[in-house]
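Consider the two complexes below, in which chain A is the common component and chain B and chain C are the respective partners.
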Partner chain A sequence: MIDKNLYDIAIIGGGITGSALACALVNSQKTKSRRIALIEFNNMSNIREWKPPHLQFSNRVSSLTPRSIQFFKDIGVWENINHERIRPYKDIQVWDGISNARIRFNSDDSISINKNIEAIAWIIENNNIQHAILTKLAQYKDSNIDFLENTTVKRIMFDDVNYENEQFDLSDWPSLELSNGKVLKTRLLIGADGINSVVRSFASIESLGWDYNARAVVATLQVEPQVENATAWQRFLPTGPIAMLPLNNRFSSMVWSTTPTLASKICTLPSNNFIHLVNAAFRLRIADLEYLYSQLENCDIEFVKEFEWRQSIEKKAGIGNEIFPPLVLDVQEKSRAEFPLKMRNAESYVKERIALIGDAAHTIHPLAGQGLNQGLADVQSLVKVIEHGVVTGQDLGNIQLLKNYSSDRYLSNLMMLGAVDKLHKLFGNDFAPIVFMRSLGLQVINHLEPVKSEIIKYAMGIE
Partner chain B sequence: MLHQLLFMLSSMLTRRIAQSISHYSVNNLFAKSLLSPREHYTTTNVPISNFQKSLLAVSSAFTAFFDPSRGDMIATLAETTSSIFLNKLRDEMLRDSKGRQILRERPIINSKTIDIPNLRTLPEGTFGKEYANFLDGEMVTPDTREKVKYIEDEELAYVMQRYRECHDFFHTLTKLPVSVEGELALKWFEFAQTKLPMTLISSVVGPLRLSSKERTRLFEKYVPWAIQCGSQSKLLMNVYFEECWNKDIAEMRKELGIYLVE
Partner chain C sequence: MKFIFRMGRSNTFGTIIRFNSKIKRDTIFNLHQNSSSAESSTHDLSSSQYSTINEPEIIKFSQLAKEWWSPNGPVKLLHSMNPLRVSYIRQQLSKYDKEKLKKGQESGYETTSAYDDQIPFKNLRILDIGCGGGVLSESLVRLGASVVGADASLENIQIAKLHARKDPSLYSGPGILEYKCITAEKLLENGESFDIVCAMEIIEHVNHPVEFLKACAGLVKPGGHLFLSTISRTPLSYVLTILLAERVFRIVPNGTHDFNNYLRPDELQQIIERIPNNNVDNSNTGTIDNAEGVDKKKSSEWGQITDITGIGVNPITGKWFEFNHWVPRRIQLDVNYLLTAKRN
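The block that comes next holds the complex of A and B.
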């Protein structure tokens, strides 16, 4: 007799990676007969019944690579996406705020990129993704999956309690004590519970890394209407990069990582000054920006006048002839928010009966838009490993099996973390010789198509 | 052999850089002389980026070093280094609200814009009166400044002009005389203020013209003062001197952090 509180796989955390993993497991012919519990602390009904407000966008968006999109297609999630609210982009422009040296990636120009690829990546609201996954999961109501919402894991432990009619020794299976009073036992426990993962601390896996002395400000911007708003823009300022990502022809999403002091001031700045500060951050000299930073608390200064004056001077000098992102006209009310930036990598992704995925395993600076894509790559890899375990009749919690997942993902995540961290450090420096060398590097790479193609393929998740 | 190789490399590099930036920066002597006439140029006056300028500065310096007959390279060197200097100076002004006001209004100093006879009537000890005294004592007028040429960017040309026009105000504030010694001391002072090495070029060559006694005095008295005073005082490019005629000059020195050389 099977105890109803025994599971093959328990996933803690019903965010995008956790619920995508559950979805992929029930969708797979090989793993769908396993008993799965997905435990989420929030009530998901808001997202399940998500009705996107017309001409408003959430400030939490992600950039999905072709590889992540393919995964969503494979598990049947993509068909549930609201396609009017996603925006592919084929063009990336990145430039140095001090020297203005630029690099441009365009998927059409790259010789070695498969022409069938429609875009470098897609900008999509996190709610849109999560809603599509929940819609798909709802179709599996009668399967072997239990989605426990509104449920907190109070304690994880190993216990010796012997269940009735127990034929096997399950003392090495993790037990989960839930807020609804139930106790679950699981063969394999998966932590998809974010940067402060309780699963990771239960497993005493250390998380290595550091906090950047920086915070990211996000906002939804209304921009000058574009014929085709399909470029991702990023300017590296000495305080951190500012990026503008297309949502549709009239809206873009902004991520601006900057010092904690500036971030909180930028968040509370009156919106008319805020939009011109953003325009200035993409177009004006660093010295102009530094002046504006010093005036953030001065209500008498009209940023629009400063911006228009400097813009007219730069246009006359010809600098305005470079291509810049669309002008910001307005900021969506209450769309400004800030969060801390961290770099983390767990010292190990697996232990006996335990695996970590997504932010529970690693956290990355958002400047390359790779965080969620890494998490989804973890999911794909772990699903393969579990399928293999099922097919070959192994215990799914066996460390030898789980190590295949770890060895597949650890180095690859570490490389991406390292590359993004180095980029952040390289561009966070305003020491003249370093500015000179990195600008030279940018311009040289900009002319080396094969190198550019390799970089963009790496960023797109094409191996 | 090595020289020849380096020379070839540097002129190739210069040429390549010029080509790569030619589509938006051609209105300068050197690019015209280097590039093949077949290429199409836009004639709009579009400056190249700071970064490209520094590349040009380095490569033109190399070329000129190995072949001093390349006058175009020396001109390029002068043009690119001065534009780096002016860009930095402008940035310092852009960071300051008075500096921005000056850049926005672009006030000009000459005998038409400044009523010198009126300044002479101000009470002793005011900045206006001291300035008039300086002009009369040295028998100069604000019109003797050289006009700015060869700088295409309007705003940078203005910064250069302002820099020259303010020179006599610097003399007035620091009380340094118009002599080789005084001018060199002022150059050191400007270097300490701006931290821009270009202001030092003449301070290195200049002392050759001094007697050994003067030279000793320069390095033992003026230079230490210039470095100390220049680095702790407010950047004088951000002072709207035209608004200060009636100010007490001692008060003004105090506000700006300037003390006199003993």
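The block that comes next holds the complex of A and C.
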């Protein structure tokens, strides 16, 4: 009796948040009999059959908080993760590029809250997560979910087409015109389609925010073999933070946000010069680093000599005896890439029959590694709201219900966006009094265990 | 023994009702009755008088339906209260299910878990008296119940029917939805009976609550449940529901409520527990009850109140909640409350 092109929930975007949402919905006893469509324009077979070469890592990695991991455990995704390719980190070292003021976070700081938490977060390749989700979704082949890959949404609209001989009036259900010629109608449309969300523009929801005048360079680095590579390092340079995150005892991942001109030069630098520039960026004084920046186009200069010479002087001067990240030995071929940095928050996450999650709703600076975790928190919240709608017999697209999702997530996302944005602005400044105050602040917080514990709890997603 | 609804639940959007003159109501009624004949006369385009009259009426009704179902419209408090009402009914019934389950286990019966969390009301026949635009009825159908939504106002029934077309799942089973423009008393006269009768936010709108409650109670099958929700008659409820909600903040239209029609929980309890059990069928089942140890005196009464729960709305988030147990009972039950009664 019911049209086969009618769905309860249609999710546009089969990335990590979109597919995790689909997975959580079919996994839930309360929502599993809803008809779900997951629509993704890419062909996912590469990721489905993901077989990564040994000792090679993708440059797209994420930091998953204990809360996000618990969620993946709950929906049965975590067991499909390739556990040899994930790395927990128990320490965070953050320091000021100008004053060298430092703050150190350790997962022990949070032990008072929960003894089961072994690490602050886990570094994991995005492909590893996506592969695990797709593996889990494949187990639900016979359930009510249709995974439409290789499918573009050509148009979203409201139409007056009457269904089932005019018995029904579905004019306020969104219609999706797909590239395969089908037209779907859905009770609830979910935009998990990233920063340029078509769902968001269909709903005419404004996205507020700004582009940072900065770009992030990512790369997979081979580092000096460590006994235990389990620290996340971040140094705030006046041009933006540079971070090194552990992948295993011999590999780390780098995210370096800097000015657009520097970013493109760093990306194209010969690899032997690149690795010493990275070493310099973690170790040398700003003045030395600025000299190296000025020589980026000079083909005759050998960065290794410059780096070693300058570091030896600093060591003699007594600077640079601090603990530093492992020295970079090599950079994985073709692993360097750059992308723009943005801060966005949609003016609203919901409208009648529409909800936005993940990057479609908000985009954050990567310096605190919170983007994906926020997206997964959206997913958890939305699943709870949909479950509540099911058990109370509501129409799942009704705005009264969906508002529960936005009131749960909006403020909390905004706070995180604001906090990270303020950090970025605070440390992107080299005005002496500000440098002094922030350095003082770092040192004071470093000795205030309760404050540190609160910060680390917030970053770990522990309520 | 006739009593009249003072506009039934339609009072909650008094302004809209005034918009419909008697003539319009009649044409709509005709439209409804002639729907089959209209189909047969579609070939005859020359006599298109019917279709030209009907078309704007449908549009007008859709407008009305939009008002009823608008989340920010005049009945928005009813919408936000609905999930809590449904949860309450589920919670009260599941209490009973657990008892049954326990009994079954004790007596050694195999209790196969036919219970489905997604359709807990499967196989239950429920009356939603004063259904209005069908807010509660639709929810109950989605949870698997066979629902009769009844309202004394034809406009409300038309609105409810129009809105139900927006959701195919209301027709895909196992739930069944049926709307009737009828009073509780008439239903009783027709010999109808239900596993559950819901009279939500309606007693405060009827002229003779005692008679109304008797009719509702009579519609409940032996062993079935009666659910009520209403507003208590206290100084606080006057300030909140009339002074603030109607006059100051205008959350609901002025004149929605009449303070003198409010009933306190103890009054409501007295009325219900004094209703005689005059159902003829019950005297037969009464012997079975006796076998289970229920004394005769009890079965001569209609039934008992099994729960009274106070509810409130958070003025900032607009969300309804059940009071925490530590809030003094007197305050809990001072304004809005839900009540469950079980028939012997």
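We adopt the following convention: the second predicted complex is superposed on the first by the 456 of 463 C-alpha atoms of A that agree within 3 Å, B and C clash if a C-alpha of one lies under 4 Å from a C-alpha of the other, contacts with A are read in each partner's own complex, and residues count from 1 in each chain.
The rule we apply is simple: contacts are C-beta pairs under 8 Å (C-beta built on N, C-alpha and C of every residue); 3 or more make two chains touch, one makes a residue touch a chain.
This one's a predicted model, so the numbers in the text were calculated from it and none came from an experiment.
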**Prompt:** So, on chain A, is it clash or fit between chain B and chain C?
**Reply:** fit
**Request:** Could you look at A:Asp430 and tell me whether it touches chain B, chain C, both or neither (first, second, both, neither)?
**Result:** neither
**Asked** Does the superposition put A:Ala317 against chain B (first), chain C (second), both, or neither?
**Response** first
**Item:** Partner chain in contact with A:Gln29 - chain B first, chain C second, else both or neither
**Value:** second
**Prompt:** In the superposed arrangement, which partner chain does A:Thr392 touch: chain B (first), chain C (second), both, or neither?
**Reply:** second
**Asked** If you stack the two complexes on chain A, which partner ends up touching A:Ile286: first (chain B), second (chain C), both, or neither?
**Response** first
**Asked** Between chain B (first) and chain C (second), which does A:Leu170 come into contact with in this model arrangement: first, second, both, or neither?
**Response** second
**Asked** When the two structures are overlaid on chain A, which partner does A:Asp108 contact: first (chain B), second (chain C), both, or neither?
**Response** neither
**Asked** Closest pair of CA atoms, one in chain B and one in chain C, after superposing: how far apart in Å?
**Response** 47
**Request:** Spell out the residues on chain C that touch chain A in their complex, using ranges where they run on.
**Result:** 71, 79-80, 82-83, 86-87, 90, 117-118, 138-143, 162, 165-169, 171-172, 317, 319
**Prompt:** Which bits of chain B are touching chain A when the two form their complex?
**Reply:** 20, 24, 44-47, 49-51, 54-55, 90-92, 94-97, 100, 104, 153-155
**Contacting residues of chain A [partner chain C, same complex]** = 1-3, 6, 8, 29-30, 33, 163-164, 167-170, 172-173, 187, 352, 388-395, 398-401, 404, 407
**Item:** For the chain A and chain B complex, residues of the former touching the latter
**Value:** 96, 98-101, 285-288, 290-291, 294-295, 306, 309-310, 313, 316-319, 321, 435-436, 439-440, 443, 447
